[in-house]
Amino acid sequence: MNTYFLQVFNGISVSSIFMLAALGLAVTFGLMKIINMAHGEFIMIGAYAAYIIQNIFSRYLPASIFDLYFFVAIPASFFLAGIFGWVLEKLIIRHLYGRALDSILATWGVSLVLQQLARSIFGAPNVDVKSPSWLNGALLVLPGLQLPYKRLFIMLLVIACMTAIYFLMYRSNYGRKIRAVMQNRAMAASLGINTRKIDACTFAFGSGLAGIAGCALTLLGSIGPTLGTNYIVDTFMVVVLGGVGSLWGTIAGGFLIGTGNTTLEFLTNATLGKVLVFTLVILFLQWRPKGLFTINSRSLDE
Amino acid sequence: MKIKFLPKMKKSVIFALTALFVSSAFLSGCGSSQASDSSGSAGDSKDTIKVGVLHSLSGTMAISEVSVKDAEMMAIDEINAKGGVLGKKIEVVTEDGASDPAVFAEKAKKLLQQDKVATVFGCWTSASRKAVLPVFESNNGLLWYPVQYEGMESSPNIFYTGAAPNQQIVPAVDWLVKNKGKKFFLIGSDYVFPRTANKIIKAELKSEGGQVVGEEYTPMGHTDYSTIINKIKEEKPDVVFNTLNGDSNVAFFKQLKDAGITSKDLITCSVSIAEEEVRGIGADNMTGQLVSWNYYQTTDTPENKTFVANYKSRYGQDRVTDDPIEAAYDAVYLWAAAVEKAGSTDVDKVKEAAKGIEFKAPEGNVKIEGENQHLWKTVRIGEVQPDGMIKEVWSTPEPVRPDPYLKTYDWAKDLAD
Amino acid sequence: MSVKTFLKTPSNKVFFVIVLLLLAAPLFLSVFRINLLGKFISYAILAMGIDLIWGYTGILSLGHGVFFGLGAYAMGMYLKLEAAHGKLPDFMAWSGLEKLPAIWAPFSNPLSLIFIVLIPAFLAAVIGYLTFKNRIRGVYFSILSQALSLIFVVLFIGQQAYTGGTNGLTSFRTMFGLPLAADNTKYLVYYAAVFLLFIVYLYCRFLIGHRFGKILIAIRDGENRVRFSGYDPAVYKIFVYISSAVIAGIAGAVFVPQVGIISPAEMGIVPSIEMVIWVAIGGRGTLIGAVIGAILVNGLKSGISESFPEVWSYFLGLTFIAVVIFMPEGLVGIVKKYAGRIAIRREKKDKTAEKAPSVN
Amino acid sequence: METVLEIKDLIISFDGFRAVNGVTTSVQKGEVRFFIGPNGAGKTTLLDAICGRVHPQHGSIIFNGDKNIMHYPEHKLVNIGIGRKFQVPSVFTSLSVYENMEVSVVKKRGIAASLFSEITEAQQEKINKVLTLVDLNNCAGKKAADLSHGQKQWLEIAMLLVQDLQLILLDEPVAGMGRRETTKTGELLRKIAQHCTVIVVEHDMEFVREFASKVTVMHEGHILDEGSVEQVQKNPKVIDVYLGRGGENCA
């Protein structure tokens, strides 16, 4: 019984990780139609940002406040990845609007450079980020049924990010501007919106979200130059399955792929589970090529 | 401005020619210039002996292989500082295998055919070794392979300085059954080494009355182990035998700890985690867990004290040494000793001379077994310490004879044909 | 088509020069370099296939490594059985198989080499039919094709007993009875590769040269317009996808005897995207660009990564960004532009010369 | 007169929003029918339905008396005689003008035909004739990408003309054109109408007045009125929703 309950929890937990990793992509891909193959590398930048903050805390600050580093690391990851994203947009992405296929190729070049950059700076081997002690341990629901705090924390973080995105995109003036630019650039520009600035900020925001994901992933996995490559295909599948341009789609896509992965892995094995999930997603997309949550609009057709 | 008068068609022809010549220039590049200076025996010119170092310096395997390359370079420099081999300096040709077996094969061909090196130190993964094996055999080259592996191989052109299964896995299982319990859960990355290792373990457990309660493989780069940990919890094994590789280990141990399982609750024994990997995992995530190797940085020999000190002073105090690093270091010395004994770098002569050669290695005495070109090695089971070092908890009293095909074990009869 | 008409187009002329150079290469390169060049030729064949589907039809497939791999594995399986001399291949024995699995059985016969073509064709037909009929296109197709290559890599690694796992297939000894390690065999294999390069080029030229090629470009420019002009773009796309997959399969089969190994590492996401780079750098939508791109990039890769392995990633990444953004037409595009400019200048000069009174 | 197109009770909705809501009308042979109406009236959606791009939830579209359009895939509609020009000029920009026409003129559109059969002389003549008609015969070798906006529109119309169609659908053919180009397009429209029926969606009222034989005014998915230009202009409802604010809508 406990096993099955825990499995459900695992499914939700893995879903939340996928959602977190895919959120930034939902912004850059969904809103801007830029396929950022370097998205995984922004996750990596976030992870290394956490590593740097941890090192600063352990080296220069009293040990008593070491556990608080994570609260600094999350915004630091967001900003570092965001700055990288902003620079990238200014240098490269802005040449690629409306050239979705080319954006795949160019950003893949970016991912190569960023990986090698990480290797040059931090070395090829993995580095260790110590989780803050308040995240160690687990919530004891029943004897034998423990829910790790880290996984609960990531779930909360996802909810927080989602809420933030929701308010930013749908309840703020800035969000209105973003949506205006993404839907009709010329019209928005003629209304006096600085579309160039909006583009750069949106891309930086999406990249920053990837950074937060990277920071959170240090709790669960390895931190190395190739960290991002482990997530890139999964996150794209999440966004595509959910439906491009829809926040709900990303949530649903993350949930389906996450629980699908864990359930099939539990029933069969990890290799087969992964193959089955991807095959099912590909088949599903044959039936609904635009994903679960489609925005039916003529402008998207061509 | 002569170009101007060329018709436009010819422009593109010229372009094609330039492009081709550029690439063929790269093709023939260093090779052709160096090919000429090789005399009689391989890689042996007037005052230097050329050797190849072939590891992944880029790509996913660079994580592990760069340190191994460093150890080989250190050994070569040490030997050169003492006057070299046969009175000649060793000259190194480094190649990058780029974590791609096909590139390994290509670079091995280059080292043997173009550079005509006397020997090659290199490879890490079984895939890369299998890729270069036919190259070394058909060119009669010599490869020194420094990593523990799954066995079932004994190429006449390869010397294996890492552990064969009977020098790592087999004794570890035996010790675990006697000291920790009989119920085993096997977890590994989905590739050749873990699958073969687990076949061996299963056969051994059967003969020792042990039991396998679960066997799971995850794709390379798998990042979520919650489901498998859940399966482990359900099966309640005494021992988790871990053959995961690379990044997956980090995820596995971090998540195992989160699930409330520490070495006090459940012992794991890993055979692909050495000091270098422990650093990436975080020592606190696997304190008290077991590993099985032939060498640790803490191994108590005078040779090791010098080795560790030299390695650190050369590459940085924060660097650690581990088993493959040490095995790679040994390989260079063993080759040098064999060349001295043979009085030549000729592959056949070196192979003949290498039989039975002994070396006081950092891990203690090692000896080349002539029959299969593996090393006699001491087996050590160690426990991960909070500082990331590994403390030896048990070792074989003597070096163990290598037996890649497990011929001397009754239970292994059906494994190898 | 006569040789004369063939040589009328500049790009055919350039290709002809390249083939001549390749044929002459053994005169001035060592066997090792010839072997390496043979590998590049297999990549050049592959690049033409990718150019057909990406450069001409505008479909970016990030899963062509799979087709390359399938062709290569078909070849590898045949060579492996030839090396095993009727016994079970070594890796199967370790993996616990007792007899040859059914999917391997046909490969003891040389006729099975037809699978080099058939397997990629079949897979491409199924995937193409599903995705193109369902109008999955653009980035969606690219992402799906990427997932496809991930699926295949995971499967091939996981099915160790049948595929050799991460090790792949290696240790081939002979090909049709000829020892692969012998220099003469290497030359033979090399010339076979050049021959296939030529054949595949002719095939692509044939496709492109007719109205079919214009329809492909039309699909790239405006698929809806094509549809409302009465064509079913899906049928064309499926056909091109299959052609391109078959070419990739042939390239894989050319690759194996030269390199001596095929492993899942050759069919993954990274190699699949690198293949597209060659075409992009050479010049998409021109067959000759694909050929030049593949040979040039791989030549550089061998050269640069031999000397500076760390630099290669930077170099490749930056080149790629630069090519995509600043020279989307690739090297061939630059040459055309440069040549075009010269031609215009020449024309102007000619005109002024006409007007001016003759000097002599 | 012969009825070319018969639309009955057509309902088309996207996510619950009814873009076309119960449209019934018929188009006679030789007509130049204009659909007009404010933005979002459902004109383009109606056009999309006639050429099979969107599938109506309810109703029927019958072509030439017995051909139900919904039974044909989009690419087959050319074969029964319906062609469509898009709002944004959509020609094959990387091909030359002549190649654009070549792709359009052929009747056998299978793979084998496009690989093995060349253009016949009759087809070549036809292309030249039509190119002369649209005044593009001088730029046959030019890349379509290098044409002006108006020329692209004409090329697209020319591509329809070589296809021997019975019904041509034009979506805003003069949008973005100057006065002179517009007049030229209008003349072209007259010539086309001699051979086949034309349905036009257009905002430019001046253009409508000059060339329409019959006008259908749409508003929020419904047909508001139908008849000659003079007739509908007198309808107070039409004046109210459309013509009254016509000034701002005219492009």
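Points to keep in mind about this one:
Letters are used for the chains, namely A, B, C and D, taken in the order the chains are written, and counting of residues starts over at 1 for each.
Everything below uses one rule, namely that a residue touches a chain if its C-beta (ideal position, glycine included) is under 8 Å from a C-beta of that chain, and two chains touch if they have at least 3 such contacts.
Since the structure is predicted, the reported quantities are computational estimates derived from the model, not experimental observations.
Set against the C-alpha centre of chain A, every other chain centre is closer than that of D.
Counting C-beta pairs in contact, the chain pair with the highest total is B-C.
Chain B and chain D, compared by their mean Cα positions, are separated by 70 Å. Chain A and chain C, compared by their mean Cα positions, are separated by 34 Å. Centre-to-centre, using mean CA coordinates, chain A is 45 Å away from chain D.
Shown for chain A are the residues in touch with two or more other chains, namely 116, 119, 271, 274, 302.
Residue numbers of chain C whose C-beta contacts span two or more other chains: 154, 157-158, 224, 310, 313. Those residues of chain D in touch with two or more other chains do not exist in this structure. On the chain B side of its complex with chain A, the touching residues are 58, 60, 62-64, 66-67, 190, 216-219, 221-224, 226-228, 230-231, 233-234, 246-251, 254-255, 257-260, 276-277, 279-284. For chain D in complex with chain C, the residues that touch the partner chain are 51, 73-79, 83-84, 86, 90-95, 99-100, 102-104, 106, 109-111, 114-116, 118-119, 156, 159, 163.
By the touch criterion given at the top, residues 3-6, 8-9, 11-13, 15-17, 19-20, 22-32, 35, 57-58, 95-96, 98-102, 105-106, 109-110, 113-114, 125-127, 130-131, 133-135, 138-139, 150, 152, 190-192, 195-196, 199, 217, 219-220, 415-417 of chain B touch chain C in their complex.
For chain A in complex with chain B, the touching residues are 3, 6-7, 10, 13-14, 17, 116, 119, 124-131, 136-138, 144, 146, 148-151, 217, 219-224, 226-227, 229-231, 261-262, 265-266, 269-271, 274. Put simply, chain C touches chain D in their complex at residues 206-207, 210-212, 214-215, 217-218, 220-222, 224-233, 235-236, 239, 285.
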